[in-house]
Every structure is written in C-alpha cells, then in structure tokens.
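Both complexes below contain chain A, partnered by chain B and then by chain C.
So, the complex of A and B:
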C-alpha cells in the first residue's frame, strides 16, 4: 500500500511536502500558508503598503498569475500588465495573452495589454535578430523593463511586482556568485527601490516560495496558466543553475532558501557591499525621456533605431 | 580515424587538453608548464622564498607527491611530513606510507613520519568514534593541523605546504558560499599567514592547477601514488561540490578558475572582507602549549583526554 502523506495541520491527505519547513499541507491549508509567506516577504523587505497601487507584471505563467491571485486575496490594490512579445513559435505569445486575459476576466480584474509588435513594429524575436550579439533574452528583458517603467510612470503606480520565486532568485544568485558579478551582487534582491522618478520600485513578493510551492498553489486554486516555457529560454544558464540547486536541495533540503536568505542577511549586515544607485552620470534619453547613462539615445531607443 | 590532439607548442601528440587555457600539451611540454604555474602561484600570492625551509605535507596521493616533486625541481628547500592516520580499511594508511616513503627514497629526499596510533595510542578512526558528533574528517583535520604546527614550530620550518589544487579550493569555496560562511570566506586562500609564533604559515602552491592537470603531471613524471581515496571521505560534501563544478566546467570551460580567482580578487580589492586573525582571545593550551581560544585544554588535547 502506498504511503499517504498527511497534512501537518489537519491530518487530511497532503498535496505537498516541504521538507525545508518540516511541513506537509493539504490543499485547504496550503492556500493560506502561501498567502502568509507572501505577506511575510512584503513586510520583511518593506515592499509596499495597502494604500499603494501595484502594477503586477503578468506573463500568463503560474508564478505571475499566482502572485496576482495572492495579492488580491491579501487585499492589495493591483492592476495587471501583460506584454505581448510577438513570439509565434508554438503560439507562445497568443496563448500567454489568452490565459492572462481569461484569468483577469473571471476575477473582474483590470488588465492592461501592451503589444510590442503593434506599437514598435517588430516582435522581440525580430528586433533581437537584427542586433549584433543581441541575445533574445537580454533584448526581451530590456524591452519589458522599459515598458513597465513607462507605464508605472505615466499611470502613477507605486511599484511593479514580478513573479520571481525563490528558485529564480537563487539561480541568478548562483550565476552571479560563480562570476563574482559585484554590481549585480550589490543590488539583487526582493526590493529594488526607485532611484529616479522615472524608474519605478521593483518588488518580488514570491521570494520566500519555492517554484514547486507556487505551482502547487496555482493548481489548488484552479488557475489555468501557460505550461510551456518560452521557446527562447531553452538552454539558458539560469535553467542549468536551477538544476544544480535542485540537486543540492534533494540531498540537503533548505539549501536554496539558506543560500538566498544568507546572502540577503550578509548584505543587510554590511558584510557584502550594497549599492542601489545608477552607475555613472544619468541623463534623460532625448527620445523617450527615461534616464540613461548612455551619451544620446538610451539602449531601448537604440534598439528600435531604423525599425519604424 | 580517431582525432589526434596536438601539442600547442611543438605539434607532437598532446596528453592533455586544457580548454580554459586554450592549450594542449605533450608530455614533454606539460612538465615545465606545470612547474611554471606553481612558480606563478608562489610569486603572485607571496607564498615563500628560495631561502625559506618548507615542510611539505605528503599524503601519498597525486597532488602532494606532485607538489613535492615540483618544488624540488624549482629548487626550493623542502622536507616531507607524512602522517600515518592508522586507517586500516583497505590497507589505506599503510599503502599511503609505503608510496610516500618509496617516492622520497628514490629521490633522496628527507621524509619525516608521524604515526598517530603509536604516539597517541589510537588511530584517527578510533578517536573519532569515541567523540559525540565527532565526524572523522573533522577530527582528522584537527589532528593533522596540530601535528603539522607542532613540527613546524619545533624544527623551525618557515611554512607548511599542502597539495590542495584548484578543484579542492573551488569546491570548498562553493560550499562556503552556499552557506555564506563569513568566517571561512574571509580567510580561505592560497596563503594563510602565521598569526602566532606557534602556528606556521600555510601555503597551497597548486591552487592554479586543475586536478586533472596535477594527475597528468604525476603520470607523466612516473610518480607512483596512492590511487584510492580515503574510505572515510566517500559522500563528503566536497565531493558533491566538485561534481557540480565539473558539470559547469564542461559546459563553460574556465568556470572553476574564474570562480576561485574572482573570489580572491574581490577580497584583494576589499569588496569582500578579509580577516586572518584568530577569533577571540588566545591563551596557550596548558598541555601542548599551542594557542587556543578555549578555556583550558585546546581541542586537540581534549580529543585525546582519557585515551592515554
């Protein structure tokens, strides 16, 4: 007979075992526990308050939809932003938009949609292809940051929330540490304060949750999310880093969370340097007005030079 | 037909490919290249000078025997110290002593041998078994450090050299980083200066060489070394860390060396804190006279309490 896991709180059949917390939970108790972990992150890292307006960046994946769902449950003021990247491979972007829009509609939430190809004339893939050395993921990050900052500035949101979970953050931290990327190690974390009126505060309320926990949450809550990974992310170094951390985690539960929280603590204590400023002198981009350290057009505007 | 690797220096058949250096070398050119890397480490990290007397800790494995061989080639003043740990499993300790003694005799080098069981009454395994929570590797490290320090002090050596290679160092660094072990991260490196007259300077001249490079060197030089690993090291976390770094290295040659050297550079630049002092106040152990932060007997003398 198969062994049945029991919920640590009520003895019902558990849907998830979290050895790093010595905790097993049933569907009913998982939902408030996940919400509590998000609330804990919001308070511990002073991400935002109930009277602030939060723009949630929703891709249509489990993490960002779970995040929006949790923030709504917790009573925060949220609106969604979905960026349609124009990735046609396997119908990725259309499927992502469809799932996100359905999610918002079912719950009566306000969703803003920005379609990159419609506004800028090319999809992420097309514009990345045209640039020398321009890797798709880097270009995509640049474009998304620009659009999020622009929207937060124009519509006066206090913060932009993204669905990065602990696995995402620990994987990036591992890569940054293996290369001793001092600039990134000085900044990476659940809170990136606004250091310029045109650059919104960025927050990651899911940083205390493992990917498998947000996935279990999404399933239990009946959230219909895009299962496929972005076709361009295959082979990304962050995926390799996640695999390595999962190997370590299997052998020693809690490795990922201790690695990430130990890092944040080392910086809070001043053992690791903290630097959240912009590098170099900052000017306004003559085209879009966003701050840039470049001499002339910002990286975003240079990307689209000659396209339109 | 199989592809034949060619030596980057002479075109002869290469015995090793080192993609992180974009270098392939034949047996003849490998030997001076390895010696050059050791000389580079000695100078770059100011490990020791030709007029200093070096005690080389030789276990009988490839790294420590290769180290002794290289230091002799480079003209340094060396004597060897072999510590017989009394590990009878698979005849490990006897085999290690035999290989080490044969190596020294063939080359006319002076080898000192300390037999733990003969002097202290129990083997490493026996004394580790008697201690609560005393893991064999930790006890072994404590005993070896004590014996090396004692001998260096009594016979006036300027430094103790060990055969730690870059793989060893990078694996320890990875474990220390995953746990953000600040104390160890502040100290770990090729040079541990003498911070007390009874604690010798510790140096690791092989830190610029990958394990496969020292292995190739030992084979090419016809060094007959102990192939078996210590039976108690199986499953050690450092072995898991090495496996992980080798995965990363395969995908991206140079990962290990960049990780380690980037760390040393970050500390040299003051980006990471450096602390080489003893922790807390130091007193002389009333039994052995070595410095200790304990109140009363030092950890080494407490280990043997009641044995003799």
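So, the complex of A and C:
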C-alpha cells in the first residue's frame, strides 16, 4: 500500500517532494517557500533592491512567467518585455505572445512587446537562414541580448531579470566545464554586473530553484504558460546536459545544487578567475551605438546588413 | 471503469487504478525528476494512487534554451 506524502510544514497532502532539501510541501506552503528562495537569491547575490526598476524578460514559458509573478508578489517594481521572434513553426511565437499578453492583462501588469519581423524585416529564423553557418539559437541569443540592452538603456531600467533556473545554470556549467570554456566559467553566475552604460545589469533570481520547482509553482498558481518546446531547441545540448544531471540527481539528491553553488563558492574563494570585464578594447557601434569589440559594426548590426 | 487515463504530450494510455503516479511514470519510462502530474488542474504527488476514471496529465518540466 502506498503511503500518503505529507507536507513537512502542516501535514496536509504534499504536492511536491524535494529530497535535496528534505522537504515535502503542500500547494499552500509551496508558494511562499518559492518566493522565499527567490528573495534569498536576490539578497545573497545582491541582484537588485526594491528601489530599482526591473525589466523582466518574459518568453511565455513557465520560468519567466513564474518569475514575474513572484517578483510582483514580493513587491518589486517590474515591467515585462516579450520579444516576438517570428518562429512560425507550430505557431510557436504567436502562442508565446498570446500566453504572455494574457498573463499581463489578467494581473494588470505593463508588458512591452518587440516584434522582430516588424522592426527588422525578417524573423530570426529567416535571418539565420540567410547567413552562412547561421544557427538559429545563436542568432536568437544575439538578437534578444541586443533588444534587451537597448530597451533597458532607453527606458532607464536598472536591471534585466531572466527566468534562468538552477537546472539551466547547472547544464551550462556542465557544458562549459567539459569544454573548459575559461572565459564563460569566469563570468557565469546569477549576476552579470553592468560594465558599460549601454549594457544593463543581468540578473537571474530563480537560480536557487530547480526547474521542477518553478514548474510546480506555475501550476499551483494557475499560470497558463506555453508548454510546447521551441522547435529549434529540440535536441539542444542543454537538454542533453540536463538529462545527465537529472540521472545523477535521481541517485544522489542535491547533486545539481552542490555542483552549481559549489562552483560559485569556489570562484568567490579564488579557485577560478572572476572576469567581469569586456574582452579587448571597446568602441561604440557606428550604427546602433552599443559597445562592441569589433572594428566597425557590432555583431547585431552585421547580422541585419542587407536585410533592412 | 477500473482504469485511469494518463496523458503525456499528445498521447494517452489507460492504466490500472490502484497503482501510483510514480508507477505510471516508470511504465512510460519517464524520469519522475522531469515530469509533474496534474489531476483536475491540481498538482498531485507521485505517491498518489490512480482512481478509476482519473485523468492525469503528465507535464514535462525540462526546457531548452
């Protein structure tokens, strides 16, 4: 006979078991626990303060919508930014925008929407296809970073918050370690400070939470998020890395959190160099004004050469 | 009806009532680390017993990016 899994705090039926914390929680106690973990990350890594204006990058997925919901509950000053990437496969981008807009409208939150195809003339898929060796995921990252920095600079936000969780970070760390990507290892973390007036501070308030916990939070809070995976993320190396880490986690609960937080502590203790600066000399891109280490146009403006 | 319906992505399976959600996940070769179970829009834990007529949706929690 199966036993009833009970909430460690009140004895009601638990909805989630988190063996790495030796904690089982019911729906009622999960919500404040998740918010507490986010507040802990904000304070521990000095991500931002209640006086600052935060631009939350919202894709329509569980993590970013949960993040926006939590930051609002905690009383931070937030506005959302959704970037419509023009991924038409399976109606992905339209569905993502619809879920994000509905979330914001239901809660009376301010959402800014940037439509890549309308502004730049092509979707990220189309512009990647037109480039030799252009991979959609790399182009997507480049375009999103540029738009987020531009908006944060023009509208005076203090930081850009993204929904990266501990699984995302641990997967990237695993890949960076396997390839000894020293430059990335020196920078990866919950806080990327602003090292130039045109580059906003980037923060990841969900870094103390497993992906499973943010998903559970989203379900318990009734957040209607996009469940379909980005068609271009299928088979992504980050998903394979997550699979490997979850196998280890199953046999040894806490492996992921120890791996990631141990890395951050090791770097703080000087085991790894901590590099927050830009590589090489920096100049303003003659077209968009954002800093670049390239001679001439920045990578973003070069991408759109011949399109606009 | 002595079976429960399990949905995952666009597929459905009939499973014997009395087994646990964890048993159902194992039968589908799913890692309980990577899926959550939802019944009537409510999250349920993996020790939950399947009741006759239950409709359980398994939600993938792993995303790329």
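Quick notes
Just so it is clear, the second predicted complex is superposed on the first by the 307 of 308 C-alpha atoms of A that agree within 3 Å, B and C clash if a C-alpha of one lies under 4 Å from a C-alpha of the other, contacts with A are read in each partner's own complex, and residues count from 1 in each chain.
Note that a residue touches a chain if its C-beta (ideal position, glycine included) is under 8 Å from a C-beta of that chain, and two chains touch if they have at least 3 such contacts.
This is a predicted model, so every value here is computed, not measured.
By the touch criterion defined above, A:216 lies against chain C but remains apart from chain B after alignment on the C-alpha atoms of chain A. Shared-chain residue A:27: touches chain C; no touch with chain B. Once the two complexes are overlaid on the shared chain, A:61 sits against chain C while remaining clear of chain B. In the overlay built on the shared chain, the residue A:258 is in contact with chain B alone; chain C does not reach it.
By the touch criterion stated above, A:17 is placed in contact with chain C alone, chain B being left untouched.
The larger set of touched chain A residues comes from C, when the choice is between chain B and chain C. In the superposed model, A:230 makes contact with chain C only, not with chain B.
Once chain A of one complex is fitted onto chain A of the other, the partner contacts of A:272 are limited to chain B, with no touch recorded for chain C.
Once the two complexes are overlaid on the shared chain, A:135 sits clear of chain B and of chain C alike.
Residues common to the contacts of chain A with chain B and with chain C across the two structures: 247. Chain A makes touch with chain C in their complex at residues 2-5, 13-17, 24, 27, 61-63, 167-168, 211-212, 215-216, 219-220, 222, 227, 229-230, 233-234, 236, 238-239, 242-243, 246-247, 249-250. Partner chain A is touched in their complex by these residues of chain C: 20, 31-34, 36, 38, 41-49, 59-65.
Those residues of chain B whose C-beta lies close enough to touch chain A in the complex are 177-180, 182, 240, 244, 247-248, 251, 255, 258-259, 262-263, 265-266, 271-273.
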